[in-house]
């Protein structure tokens, strides 16, 4: 069976219902910019967010969480220390780890920090834009601040290499999203261009991936399902938004009330057609 | 006179007008997640918010403030140090202190920190969910991250114990809010279920309690009035909201234009009927 | 030619189009309260925001940025250290620096910190409210938290003194905005009173000034253009807002779609008529 055939509206809906009924606790060590918006996105989809970065409580919080989301958007040394502590605790307790390498490649400090993190503990899912994924895999890409200077499709080789190296699922998001799990790839076509004009929607996708990984033991499906739901919520929001401000709010409303029918009507999934994958 | 008879629309309205005309400076040492939303809520109701956590300025900022709000949502050691400094300065200058024990009971670090804070300086008002209040009073409750795993009514005994111990007003918020002041209790029935899907609305209630405590020397009334106004703004917002995203925005709009008539029409106050209280 | 005659709708529009097409990277070391809202404002106008405060990456991030925005709203020692590092790097690489002295005058720590910053490196543009500008220039003004206790017009002498001392453009914002560049002044009359009820819109104006300074080498014009665009977006937003909550969202939408015609129709610029300026 092709990898893309595994991503179905029914499977996505099963996860949405599981998040809503189980309300998994998602422990975020994330950046200052998106703390409010990702907490709201997690609440809207039905999860229970907590933000905790003190070294003294990072391991304890992981111990009661269904997933850990580590996001390096606004780094400083104490936070990095807590990230290491939390990731080790998550590995030891088999709590899935989502890593969002915000701005990797933009500065040596940021690239070095994220390389140290993945060398210490392999995450379950890495979600980044093309530049960030290339910076993780090759240490050669450059990133323009936190916005990608590359297309997702051009990062598929890097994502494949990174996925094999870490034995992790790598999600490269952009106009089209690509989920890479070793040699398997899926391309996801949902979303709306206006979403790029709202800060932190990539971070929101990482946080949602944590919520879905808390209820679905298959990380490739968890990541794919989270990205589809987030992107479809964005599409639905864009239909009534007048710009990026109202889009952000409607997106939270749609995460809260997205239906199985809306997912089935809009789901755009295909086998990946670029990079190292064979033609579909 | 029953405690519940003291909470009237006229009394609430007097405080709203006092906040709007005096624009009290409310000094917040609060968590990263809610800084923007609580600052906006304070501005919307007519207060003047300031966020300042440096040890070097905490006491000076308290010195020009009408109230201090301390919220432990995203703790780290330097912040805890500033909380102690600010609370001592507030005690020395008779500035009312609102303490929000976010996530107390979720990790030992969080529980220990908040116990240290209240052992150092007794706050004027404590506002938390049931799990948090029970963790403060009994050190036995467990909290699921920052969301309560208990009903407010089951925390009334703990709140009473805590209120006596600290000589403080304890507000337990949930589907129904209970304000406990020693042996007196009031139950407040306003609010809307969708409010639980917006991050930080509990923190907003704590911040509003600070604004009202700055203009009303009776902390039990200040807390009750703040919670009623916040909850009624939430009800009004929910009537036009499509979900948690739009609810958050409309709530700010309604804090800004809530009227005496709306408060009088909607106020739901009663004597507490659970815990240690006698039947009404 | 009078200074005010230089601020034209065509000139403003040229900058808006340059921001939209060049998407300059704006490096912000700013306060926790406004990180999300200023990042969104920068994205809405077409710029690319990055927030980075680690001492270890501050200089590197400045090296790829089109402008640096330093905002002292929620100070602590490590952040101040990064501000110094970033400002020196910006000076050495001729990257324009916008300084927002939030709350200068409210506490000795805040006033001292900002005096140290400007003594170390002169910013290109200073944007503050009247109290803050007076605290920078005279060290005698007092600030009520982060809200001004003075009118912009009363700060023109202080702004002129500060502008000469630093060889910088000083923008004093309030009901009317005044841009001071040495002996030249311009008064800008756009905006809406409801904007004062949204937290961080002053900080947004500083961030927008950074975006415009990245594309316009004349800092007086860059600051004036940014303030006009922000204020007109606020006016347009207020027409459809029901309060401060919806205003904030519509403002982002209008930053995203503001047109040359809207700017031409609404631009209110005049020669300054107060302080040390000659009558118009």
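Note that the chains take the letters A, B and C in the order they are written out, and that residue 1 is the start of every chain.
The rule we apply is simple: a residue touches a chain if its C-beta (ideal position, glycine included) is under 8 Å from a C-beta of that chain, and two chains touch if they have at least 3 such contacts.
Nothing here was measured: the structure is a model prediction, and the numbers come from that model.
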Chain A on chain C, rotation in degrees - Cα superposition, rounded to nearest 5: 120
Fraction-based call for chain B against chain A, same above half, different below: different
Centroid distance [mean C-alpha coordinates] between chain B and chain A, Å: 34
Overlap residues in chain B, where contacts from two or more other chains coincide: 32, 36, 248-249
Chain B contact footprint on chain A (complex, rising order): 23, 25, 27, 32, 35-36, 39-40, 43-44, 48-54, 56-57, 60-61, 64-65, 78, 248-257
Of chain C, residues touching chain B in the complex: 31-34, 36-37, 73-77, 103, 106-110, 144-147, 196-200, 241-246, 248-249
